[in-house]
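Chains: A, B, C and D, in written order; residue numbering restarts at 1 for each.
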Amino acid sequence: MPTEKQTITLLISCPDQPGIVAEVSRFIFAHQGNILESDQHSTNQEECTFFMRIRFGEEGFTLSPTELHSKFQPIADRFQMQWRVSYSRERKRAGILVSKYDHCLVDLLWRWKMGELAMEIPFIISNHTRLEGLAQMYGIPFYYFPVQRESRIADEQRIVDFIGDTVDFLILARYMQILEPFFVNTYPQRIINIHHSFLPAFIGASPYAQAFTRGVKLIGATAHYVTNQLDEGPIIAQDVIHCDHRDNVQDLIRKGRDVERRVLAEAVRLHTTDRILVYENKTIVF
Amino acid sequence: MPTEKQTITLLISCPDQPGIVAEVSRFIFAHQGNILESDQHSTNQEECTFFMRIRFGEEGFTLSPTELHSKFQPIADRFQMQWRVSYSRERKRAGILVSKYDHCLVDLLWRWKMGELAMEIPFIISNHTRLEGLAQMYGIPFYYFPVQRESRIADEQRIVDFIGDTVDFLILARYMQILEPFFVNTYPQRIINIHHSFLPAFIGASPYAQAFTRGVKLIGATAHYVTNQLDEGPIIAQDVIHCDHRDNVQDLIRKGRDVERRVLAEAVRLHTTDRILVYENKTIVF
Amino acid sequence: MPTEKQTITLLISCPDQPGIVAEVSRFIFAHQGNILESDQHSTNQEECTFFMRIRFGEEGFTLSPTELHSKFQPIADRFQMQWRVSYSRERKRAGILVSKYDHCLVDLLWRWKMGELAMEIPFIISNHTRLEGLAQMYGIPFYYFPVQRESRIADEQRIVDFIGDTVDFLILARYMQILEPFFVNTYPQRIINIHHSFLPAFIGASPYAQAFTRGVKLIGATAHYVTNQLDEGPIIAQDVIHCDHRDNVQDLIRKGRDVERRVLAEAVRLHTTDRILVYENKTIVF
Amino acid sequence: MPTEKQTITLLISCPDQPGIVAEVSRFIFAHQGNILESDQHSTNQEECTFFMRIRFGEEGFTLSPTELHSKFQPIADRFQMQWRVSYSRERKRAGILVSKYDHCLVDLLWRWKMGELAMEIPFIISNHTRLEGLAQMYGIPFYYFPVQRESRIADEQRIVDFIGDTVDFLILARYMQILEPFFVNTYPQRIINIHHSFLPAFIGASPYAQAFTRGVKLIGATAHYVTNQLDEGPIIAQDVIHCDHRDNVQDLIRKGRDVERRVLAEAVRLHTTDRILVYENKTIVF
């Protein structure tokens, strides 16, 4: 398999108006960038917002990161853009938080080792010690941070202090704790959670038990960015699997694991490849 | 295509205990019935309930319907069974209620004409006149029953009076009215509704608009028996389709139509072939 | 539902090189076009080919169709583009050919009436008279063109003579005849067929019977452009449905109808919205 | 999670005739067995064959394995049954063969450790040493058996000699070798292979490259019993995933891994729970 060429990705949002695509693509071309992918979307409401993702080859592009910033900013100002740039050679750093269940972590680590997920994993944090061996197997530092009901805030503060800005985003790979607002606010739109239901159905605890009681004919999983409204953050990816009356709660849990790990991995893949823009508690996934 | 052989179907539920399958199958065999399908299910709770569907050929079976009843009742009594029997040559009579949207009705009528749905359709009732032509095309009597907010109970009473017991079950093929309790109670577990969301998400009005606002990545449809808790009756069938940020509410409606009609048709097929048993607000679908 | 705004779509393919997106988007912007959608793709082979679909609003665009042609051609020449343009207000004309099975036709006509398929249907041609009533119901001229084994070429010639260039493309909605090469060559990449298997499995006649014999656990349907290699033209859309040992050939046919009609409708929708480019017997579907 | 109760499963096939279900269920009941599941199927051809799977609790059942055999054989003789019995407390022994790719093995071992697959794994055999560490991690003996083109028969003979009858079945978890007829014949209907296409499409080598060349819009995987016709044995399970023009061969391989491991695990689960009967190169999966 040949080495992937390095690329640069621009993510842009701004009020819609004619000329944005022309100007951005002209800018890239003027500095010898070859556009590889270009996606755009406009909301169809009164105040139309425009979103764009454009990916171009780094090889041959004549601007350094600093130059790119200083030269693109005037364009951004003209169109009132919010924008960010990322370089594929700077792999994102993903901190993983887990509790006791291993299926999402096993899957993420295996995909990561296979090269499916372009990221670094500086650490795995858990409120249990059970998965330490798994982390070691992949050579990833594992840190045990117990969280107690009565000292939750202090416990979480220690985690945030530890993490600081050593990561680009966090993955809650079935981390069975509700994060405090100060924690969530430290990493806005940068914490990906997997919830084991097709949200907004079955918010909160024990969604498989809820699903069993309701007698649904499909169960699902939802990956979303964490906000301070429980299970109500912007949805990144969802999928379902069929079930029937033969499935008891244990069966739903078993079937659900397959969906959870697949949906979480997909969300992480989308995030690491800069394909997600958040807009009004929704995501645009290019 | 050869003529389908006529069959008899027994649906049974009772407290679980050994010997039920043996006794029921012995009974059928003793009277020359050849068992074609047999399904069973036991709930795995403290008080275990047993459910069974057994279908056997009518040809050669030596008992008349009256004899079947009188001779099977002692077995039913012994095992405290609730049971019912149906004959495939007595096609179920399905009354259909619609409003203005035609996609579910178009699909049901086409499938019915194709022979996919073994039932009679004695009438189509609507609170609008728009779909009268469609009914006529298939030669089905169409009755216009307007329902006004201020006279809802009287209006619905006229419908119930009209229907009486001329049907075995009712299909709400996007009938955009909430039925009064007396109406629902007249046809318990005999009214099939299609709700245009993957319940329990998006109960109530405008589920596609709700789905758009929430930013879900899949939309769905749910066929269920109507109870007096809005959209909370026993679920018969569900399915979903993927969507993304490019889909506005109109797109969700368009995509959703495909799922709605498929899920409703499946639920009707299951009902007409006596494959559904209701248990604690859930369904067992054999 | 508000009236859709009219749009113009450019479809382009050319050898890949930097600057294409910049130049095309500059051109559109220079003439006051507001870009609504833009998709691109490059083949990753030695001789890289670039494909682009760009859709922009017609309102405000300052070039007439003739002007657009003459002013864009120099750009096209410079980049060695193959290109075509289409206007949404000029709905494509789709001639439909059917035999006896009605499920695809019923579905296409219903979707068309609902506004899901932006096209005109100047005629329906059939080698049987069975579906004439259906055509009449939708007010579409129906023509009976019998095709005999011994006079096939002459029979098909009469069809081609009749159609001439009164259509933009043809839909074989389960037209159970293999078209002669001269027929296919008259409408290259403009005849959409639905084959009732997941190609390349089960090429040729009776795919459901073949599927039953092989004992597959899923059946499918494939919409493709017709070429002179039977069932080997560029694939536009495919889908499958699960089946099991309980399904006999009739069941497979019944289940398959649902997939066939959905896949064919999707392919037609993609074609009418200029989303398909053909490349080396494959399709790029934007 | 409570301990699963131990069960006994009977798998039966015989010429169809009335009374089979009655007799088998009577037999089980007469010896105090409580039937938990019962499935049956009849082929609808001239010479009708009947298939049955019946599972009942071992607790309370009054016959020892030897007694069950001797007392059931007269019934089997009367109905000309082929039959076998299995006890859930005797977990099946599954030998696994792999080459270099680890995704199927990783998934099988993880599911096995989670309790999803009720079997023993006495060994893992490979023609490469790459996956030895993975085997050790799960404490499973790993044996390296190189297979050379020029000594294939002798090499495979050594494997068969080694395995002997220490297993109940074999799993080819992407074992990239075509087995010699004598090997296959040693374990008839007891070798499960995963083929990385939706068979019968893309038989043989490099199915993803074949799929890319053909331009299909979905790729799949097929688990089947190995016979001496390459990739033509009885299909146990199949599934697909959508793909499009953006997917190159590497992407198809990546997407396909997800389907392969899921389909193989499902087939193994079905085999270990005695849910599969083979009939005329097809499977009946209860």
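Things worth noting here:
Note that in this section a residue touches a chain if its C-beta (ideal position, glycine included) is under 8 Å from a C-beta of that chain, and two chains touch if they have at least 3 such contacts.
Since we're looking at a predicted model, the values are computed, not measured.
The minimal number of chain-to-chain contact steps leading from subunit B to subunit D is 1. Of all chains, the one whose Cα centroid sits at the greatest distance from that of subunit A is B. Homomeric contact subunit B/subunit C is classed as same-residue, with over half of its interface positions used by both copies. Chain centres here are Cα averages; for subunit B and subunit C they lie 37 Å apart. Centroid to centroid, with C-alpha atoms defining each point, subunit C and subunit D lie 41 Å apart. Multi-chain contact residues of subunit A, defined as those touching 2 or more other chains: none present. If each chain is drawn as a node and touching chains are joined, the picture has every node linked to every other. Residues 17-23, 25-26, 28-30, 32-40, 42 of subunit A are the ones that touch subunit C when the two sit in their complex. On the subunit B side of its complex with subunit C, the touching residues are 1, 103, 106, 110, 114, 116, 137, 250, 254, 257-258, 262. By the touch criterion given at the top, residues 41, 44, 198-202, 214-218, 220, 234-240, 244-246, 248, 281-285 of subunit B touch subunit A in their complex.
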